[in-house]
Every structure is written in C-alpha cells, then in structure tokens.
Amino acid sequence: MKLGIITGHVVATRKDEHLIGAKLLIVQPILPDNTPAGQPLIAVDTVGAGIGETIIYAVGSVASRATMHPNAPIDAAIVGIVDSVDCPRAGGL
Amino acid sequence: MKLGIITGHVVATRKDEHLIGAKLLIVQPILPDNTPAGQPLIAVDTVGAGIGETIIYAVGSVASRATMHPNAPIDAAIVGIVDSVDCPRAGGL
Amino acid sequence: MKLGIITGHVVATRKDEHLIGAKLLIVQPILPDNTPAGQPLIAVDTVGAGIGETIIYAVGSVASRATMHPNAPIDAAIVGIVDSVDCPRAGGL
Amino acid sequence: MKLGIITGHVVATRKDEHLIGAKLLIVQPILPDNTPAGQPLIAVDTVGAGIGETIIYAVGSVASRATMHPNAPIDAAIVGIVDSVDCPRAGGL
Amino acid sequence: MKLGIITGHVVATRKDEHLIGAKLLIVQPILPDNTPAGQPLIAVDTVGAGIGETIIYAVGSVASRATMHPNAPIDAAIVGIVDSVDCPRAGGL
C-alpha cells in the first residue's frame, strides 16, 4: 500500500456497470513526510474518505476486494484513513 | 485507475482469438490538469470512447473483467468516460 | 497493452517445464511514432511474430492466458501483430 | 521480492475490515549494499518485524497470501527477516 | 520476463512458512547487451541457477507457479537459464 492525500474527484456518467455508485477520488501519492511522490491516480473510496484527508490505498487486482464488487475492473482502492504516521528511522538508514 | 485521452487506434488482423472484435485504442495518460504523464498504452474500449475524449482506464488482470472476454489476455481497458474533474487540492498539499 | 518491435530471441535449454516449446522473443517497447520507449523484455510469442515486426504485447498474469499453458509462469506475451497505427491526436493534446 | 528496512508504522482506525489487527509498517526499499532505492511503501507485517530491521517484502496480489486474510485488499507484505546478504557479483557484472 | 544475472543470495531464517527451503537469489536485471538495467530484486530459484549465470525471471502472481508452492507469497522467480541471446535488431530500430 501507499500513503496519499485526497485532492479531488472525477465524475463519469458513462462507465462500466460495476462502477455505478462508486466514488472515484483523485489521490496524490505522498511520502511519510507528506511531500508528493509520483503522479495522481483515481481510486475507489471504500472507507468514507474526504478531500484533504491522508489515506492508505492499495493497487492491482486486490483493490476490488475492498469494494462491494469484488469482480469489478477496479485497480485502486482507498482502504484506510490515516490517524498518524510515525517514521523515526526515515532519515537514519 | 488513471486519467487518459484517446489519441488514436491500432489495427491488428493477426491476434489472440479473444481480441477479435475488440477496439484497440491508444491512450495518452494525463494528469488532472490535462498535461500528458507517461507513455501511451493500448487499451480495449468497453464504453464507446472516441478520439479526443478524456477517459478512465484500468490496468492489470482486472482490465479483462470490463470486456466481453473476462479470460482474455487483456491488461488495459477503458472503463469510463469523464464528464468532469474537480481537483481543488491539487496545488495545495 | 503496449506496442513493441521484435528485436531478437533468447535460447534457454534449462527452464520451467511449462516454458518448453515456448518461443521467447525480445521485445523493444515503442511509442506510436516508432521511437523506443523503455527497456526490452522477453515475451512468449503466441501469434507467429518475427524479427522486425511491430506487435502488441500484454504483461502480468493475463499474459499466460494467450499461451497453451494458462498456468505457466509467464508474465509477458505477444498477442497481436500490428497492421497499422493511426494516432491523429498524438501531438495535439 | 525486494529488500527493505522498517522505518516506521502507520495508525489507521477507520479501514477495510480485513485490515483490522494488521500491523502496517513503513518500508524503505534498499539495495543489497543498504542504500535506499525508491519510495517507501506500507506493508503488512507477517513475521514479527521491528523498526530498523532489514526485511524481504512481496508486492501485488500474492502479498495477502502471507497474511491471515488471503482475500484482503493487501498489496504488500513483509515475508522474511534478513539474517545476511551475500552479493559477491554486485560490482562485477 | 526479463533478463538478469545472479549476483548473490539472501539468508532469512524467520520467514513465511511457504518460503522455507526456497533459495532466495539476488538478480541484477540486464539488457540483451549485458548492461545493468534497474534495481536488483530477490527471486526464488526454480531451475538450479548459480552466481554469475544469466537467467530469465518472471514477476507478479505468476512467479509462484514456478515454485513448489503455487500459493506462496512469491512475486519473482527464476524460470530459465539463458544459453544465448540473439538480438540482431537491437541497434536498428
């Protein structure tokens, strides 16, 4: 999994039937120190995440398991909302 | 999933039998602000997408689930046509 | 899927039993305008591709579905031979 | 698999039900000579790893197999604690 | 699949039970002309590969199929030992 921040959302009326009702959020991947890291992706929300929140997301075929449609063509899902990040060794490798 | 723009298509007469009839579109990945991001890929269309449209695509083994051949050797599929992208926190991490 | 050009082949006598008889081709990924894009990979041929031909390949667990051994440890397969690439919007995002 | 060092952990109260009880550790990927290599990820611990330890992690759909919830939306897991790395040919390709 | 050279090995006493007995080799990915390409990974040996040998490896969920534990949390496996690489078009795209 990776850390990310919810930066927005996408509206798509015409879509795969298994995506109907899915909340499609834009996630900016971040490092443990909150700096952006790589390109934004679109993930299905499964935990009630909102704009500006720090979240954990999973990618690949396991992502759809977090949704109500485990056989949907979903390759990214938000699976947790982060309360705190503790990274004492980040600068001390 | 990622955002992309349909930039073209590919014709391949000789191909895997599960790809017969599949529309093979060229997708340029983009960021939420429409700038290109990374190299184009070939995705199977499942939602009636056309040249110039902004779409959502999924990659990996889940992609074939969006098509009529869930066991086909397909690793990328267009799963939605984007109506709007709202990204208020993009510049404010 | 991605576009590629067949640039060579690999011979491996000692290998996984499910790879016996598989044609292992070297694929240089390319962009729609034929410029190289990224590092070569080894893909199993399933469509009779030859040196110098432009092809479509799939990666990941779906690749083995294109071969005669759907449970083989194969993560890349050539799934189509390209007749033409039409990319009118490539330069006009 | 890749080598990594445990640099911290993440607390997430609101999360997918299959992640309840999972220890979410921050892993800094490293090279065999211990230099950092790429961006940190969040992996589920399955072997009792602690801060500062060098570990082996697996990514993708196989990661959940290492946990108590093989159908969980987990895409990274720590699968071994490294005793020693012996890399005599690293500099001699 | 990709080409690689075996550069070392890793010892991990505490590990997932499905990895017990697995030979964990360090693989440096290489290009067809033998130059290094990207970061080393840890792959399970299934073909009796040794230090300094050029091999073919597969990654992702298919890798475990090459081992004695097809449901193990293994995301990389050595699936062939290379006898020869013939790449006549490498420089002539």
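In order of appearance the chains are A, B, C, D and E, and numbering begins at 1 in each one.
Note that in this section a contact is a pair of C-beta atoms (placed from the backbone, for glycine too) under 8 Å apart; a residue touches a chain by one contact, two chains touch by 3 or more.
By chain, UniProt protein names: A, B, C, D, E = Ethanolamine utilization protein EutN.
Keep in mind the model is a prediction, meaning the values are calculated, not measured.
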{"item": "Chains touching both chain B and chain E, listed by label", "value": "C"}
{"item": "Separation of chain C from chain E, taking each centre as the mean of its C-alpha atoms, in whole Å", "value": "19"}
{"item": "Distance between the centres, which are taken as Cα means, of chain D and chain C, whole angstrom", "value": "31"}
{"item": "Of all residues in chain B, the ones touching two or more other chains", "value": "60-61, 63-64"}
{"item": "Traversal of the chain ring from chain A via chain B", "value": "A, B, C, E, D"}
{"item": "Residue numbers on chain D that touch chain E, as the complex places them", "value": "1-3, 29, 31-32, 37-38, 46-48, 56, 58-66, 77, 79-90, 93"}
{"item": "Residue ranges of chain C touching chain E (in the complex, touch as defined)", "value": "5-16, 18-19, 24, 26, 28, 30, 34-36, 39-43, 51-52, 60-61, 63-64, 71-76"}
